[in-house]
Amino acid sequence: MNVNQMNVKRDMKINELMEEFSASGVLGAGRVGRSCELLANMLEEENMSIFMSVAGPLVPGGLRNIIASMIKNKQIDVLVTSGANITHDLLESFGGKHYRNYGFDDEELNEAGMGRIGDIYTKSNDFEVFETKITEIISKIAIKLTNPNNSGNKPNIISISNFLYEVGSLIDDENSILKLAAENQIPIFAPGLIDSMLGLQLWMFTQENDLVLDALADMHDFSDIVFESPKVGAIILGGGLPKHYTLASNLLRGGLDAAIQITMDRSETGSLSGAPLEEAKSWSKAKCGSNLVSVVGDVTILFPLILAGALDKITSK
Amino acid sequence: MNVNQMNVKRDMKINELMEEFSASGVLGAGRVGRSCELLANMLEEENMSIFMSVAGPLVPGGLRNIIASMIKNKQIDVLVTSGANITHDLLESFGGKHYRNYGFDDEELNEAGMGRIGDIYTKSNDFEVFETKITEIISKIAIKLTNPNNSGNKPNIISISNFLYEVGSLIDDENSILKLAAENQIPIFAPGLIDSMLGLQLWMFTQENDLVLDALADMHDFSDIVFESPKVGAIILGGGLPKHYTLASNLLRGGLDAAIQITMDRSETGSLSGAPLEEAKSWSKAKCGSNLVSVVGDVTILFPLILAGALDKITSK
Amino acid sequence: MNVNQMNVKRDMKINELMEEFSASGVLGAGRVGRSCELLANMLEEENMSIFMSVAGPLVPGGLRNIIASMIKNKQIDVLVTSGANITHDLLESFGGKHYRNYGFDDEELNEAGMGRIGDIYTKSNDFEVFETKITEIISKIAIKLTNPNNSGNKPNIISISNFLYEVGSLIDDENSILKLAAENQIPIFAPGLIDSMLGLQLWMFTQENDLVLDALADMHDFSDIVFESPKVGAIILGGGLPKHYTLASNLLRGGLDAAIQITMDRSETGSLSGAPLEEAKSWSKAKCGSNLVSVVGDVTILFPLILAGALDKITSK
Amino acid sequence: MNVNQMNVKRDMKINELMEEFSASGVLGAGRVGRSCELLANMLEEENMSIFMSVAGPLVPGGLRNIIASMIKNKQIDVLVTSGANITHDLLESFGGKHYRNYGFDDEELNEAGMGRIGDIYTKSNDFEVFETKITEIISKIAIKLTNPNNSGNKPNIISISNFLYEVGSLIDDENSILKLAAENQIPIFAPGLIDSMLGLQLWMFTQENDLVLDALADMHDFSDIVFESPKVGAIILGGGLPKHYTLASNLLRGGLDAAIQITMDRSETGSLSGAPLEEAKSWSKAKCGSNLVSVVGDVTILFPLILAGALDKITSK
């Protein structure tokens, strides 16, 4: 098979560029082309549940609406992410913003009350609002849990996923990932939730109140989804805990049927974040014969590009 | 200040090489030289608690004894790591091994019952032994928790850190990180514990038994250590949840006083794993004026090298 | 300034995605947005000469037509590249191709007469044709040089750039970079030309013929262009010698006025290939106050994307 | 084969650490262990010529003495490097230095007359001395070339390698790479020489004087060495033109017999700088069955470490 030389032109559509990438078929462009085709197939496949893992600062980094729209359009069935992305989703729901162009002098930023994530900035005022609002929400959830009508038999104990559902239900923001996930019954799993500003507020709440976040309970729900899905495809954005949890949960069913991943991490250190998806086959976390495409690069560039291309390739959804 | 040209010779000691690196002072060699000096200072500083975060496959990758010896010699006061490293520590305690030279055909490996982590391999037989043994240990811990003499007032509920302490106490292996940590009262925090083979076994146990792993409870103990330490220094190996949890916990005291990190991840994606330590200053996770050194490279090469060099620079401990 | 959350949709045009990237403004997406705007400005600026450096296997990797079209449309004024890209341009002119999907067993490939460049493959048959044809062309050029009507006063001596012009003039392929460059009077500089299959054939020719490739002579022409351009902008694809030569030549005029670069190399090793463009300011290779944007990623993905976006932003050319 | 867990201790010798790395055998430590063993074998093998390629700022970055000592001790037979490393070797020979700790504001550095290479700095005063001195040397060489006793039959024409030999002969600095190479008859090849400050001075000289640097002539000498060596081993530090030229020259003899490379570049872009050495087998630039080890990391850290370890493993040289 030949490498076709690519062409670009004025007024080009993203899907036309994807066709050029697929016709070239090599290096990064080839991988993007293949991942776009695979994503379209995954989204169209009726019997396939789509798990999406989101690591890295993708909500602060501009992908909040994109993730939210995938939930709204039921393009994904499960979201696995970090406590940080959930915190930043809530920060925007409570009126906060993410900022840019404040320079790289971290001591000056500290004095100005700004936190830095690469070239993204947060303001401490926004976090103060976050703390007040989230504490109110946690209180409401804790009260609900102790309500005698609460069907569960463990008062004060809640799984991470159920906690996030309750938070989402109490948010008044139609752009919120948490809100839309709650409305659309898309579960969010965040095994490392406690390691975030939201986790910190949860812990502070427990200093004077009785609330237990059950780290194991999520697996009951997650395993049900895994077992009940005829097929599972994964969209793996970044590495970390979200990637591992997504892969590992599929061990229960003999592995994923298809997956794309986008990561800038390298494979040589042995860390899962940079590991090629093929490695998952050895562990039965991806099926032998499954369709797997890894792309090396920045998720904020590549995922919008690949998703937009895939949307044009599907006839339904 | 000049860049001194380095020299190497036969029969060279590691510390002599570190002196050459420090005299050169630039690029990677300069960073290694500075991190070695800082690590020695951190280990010698009497009032400084040392937190070590360990991400990536460092136990399978040959650093198990090095981490264990740092615990034994009380060179660290807190260990923050992943469920995977804990699982692999136990795998070796139960007689399993890590293997090499089995090639890179993941479908063949799957059929041979081998899991691959880069160029490291595990055998399914070893994991079967692991599952049997860890389930026995979990059972013992669950029974202990329900004992009426159990001082806590929440039967069946345990924090992750306390669970790991109990596991360590029940292990019969003097090379075990968990065992040595339990013996030496060094707490292990693993906020993402459930996302591991150990976590999977824990969940399976809860399907027929009553056990709750309280994700928030660790912060009570961790925050006490953070508040009580006159100074805190961090050794950050790899990124991920362990790095973030180590930094974030120090927010409570206005930040770390000193830290070294070794990572192969890049900074441009905004992910914390590749972020320069300076960024932590903006968040008050490292103090303004704190001493921070980041080294880019493979932890399995660089940490043994830097630690060996630092041991020669300290007169006590 | 806020980070605007991005949106994607069906039937999206590349330029619409670029607008989303610019509105987000952070991480990789922000850099792509800014580089697209800057490239459009550079292409539109009447008084600005555009130098493009091309390193890495971009001709085998599918960018041959894109580079060729930029020459044809006079969007660039100078091309600086490697001997390898020139060799592969000629390989296609002589009927050869680049291939894909032949696996990664290099000893098997060797036996099958295939050379591998990442996931791109060449065939030895194509190189045999290349050798025959290029030797004919070299002979013609050598004869022309010894012609008494040859205006130069150094028979048998030719600069690298003039040699490439002569080759381009003798090629019969309207898709050829060399051909189009010769036709459009766009000089090609390849200071490392001898380090390539073309260089090897040149050397073999000199074993029985008298031909001298003058490594210094190019600078006469290149410096004239540099001095005569009111402004210079650079498009730097990959690093290596082409990047350095492009930057260094502009030292003669106090530096570049604007530049974008796309590279996957890191900055920490000190190598120029991964260095931020800002470093060039210290050397007066880029002007203080110049507009410089660096993007981290794979050129085969990012340059077609950025160029297509830029074409929509310009009204002329 | 098992992964042995590593140990470190006080007063540790580099070679002891290498033994630990080899016993672990996996990830980066394993690669360093294997490259150290291979380097020792290469240095001890009587019939093996050693070619060393040096890319990136290794002379400014502190490796000048190490390269010089390898020449002095005849541990290498050929050096292939960039014009920049040669320029910086001369800069130090003429009394200049490389500096550190001047910050990262490139516009300020420009005003202070300092050039930045990562965290290494040069001073314009040192370059002024360089220009005066090198021009004197070039003049002497040009005069020698026109001497009627000059045995060659092409007055004013010199190969790059012979030019560097002449420069080395005229330098008065026993630490100089060029000087030691000339004294010890170790040829230096620098196919991209003209792309450097030395190249710029050469070009300026040719504006008023008659001197031709013959880009093809080096291959006559280089190919003789390649053909006459019973075996060839390569030490490849960084990528770029020096790596490619080293590999490509060995095509003439069917490939290298052994090689180690140290690079921080990635393989996914297809650029040779990050390509695994195995790829060279497909091109017959490394022999099928040859012994090849690639290490990912910073050369300024890893090469002194690996070389010091290898010196202890050899009994001769």
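Observations
Chains here go by letter, A, B, C and D, matching the order in which they are written, and residues are numbered from 1 within each.
Convention: a contact is a pair of C-beta atoms (placed from the backbone, for glycine too) under 8 Å apart; a residue touches a chain by one contact, two chains touch by 3 or more.
Keep in mind that what you see is a predicted model, and the values were worked out from it rather than measured.
Chain pair with the larger contact count among A-D and C-D is C-D, by C-beta pairs in contact. Of all residue numbers seen at the chain A-chain C contact, over half occur in both copies; the interface is built from largely matching residues.
Centroids built from CA atoms put chain D at 25 Å from chain C.
Chain A and chain C have CA centres that are 38 Å apart.
Centre-to-centre, using mean CA coordinates, chain A is 46 Å away from chain D. For chain C, residues that reach two or more other chains under the stated contact definition are 26-28, 57, 60-61, 118-120, 264, 266, 268-270, 296, 298-300. Taken together, the touching pairs cover every possible pairing of the chains. Against chain B, in their complex, chain A makes its touches with residues 55-57, 60-61, 84, 106-107, 109-111, 114-120, 154, 157, 160, 191-196, 199-200, 202-203, 206-207, 211-220, 223, 238-241, 244-245, 248, 251, 264-275, 278-284, 288-289, 298-300. By the touch criterion stated above, chain A contacts chain D in their complex at residues 26-28, 266, 268-270, 296.
Residues 1-15, 17, 20-21, 24-30, 32, 57, 60-66, 69, 92, 97-101, 118-120, 175, 264, 296-302, 304-305, 307-308, 311-312 of chain B are the ones touching chain D in the complex.
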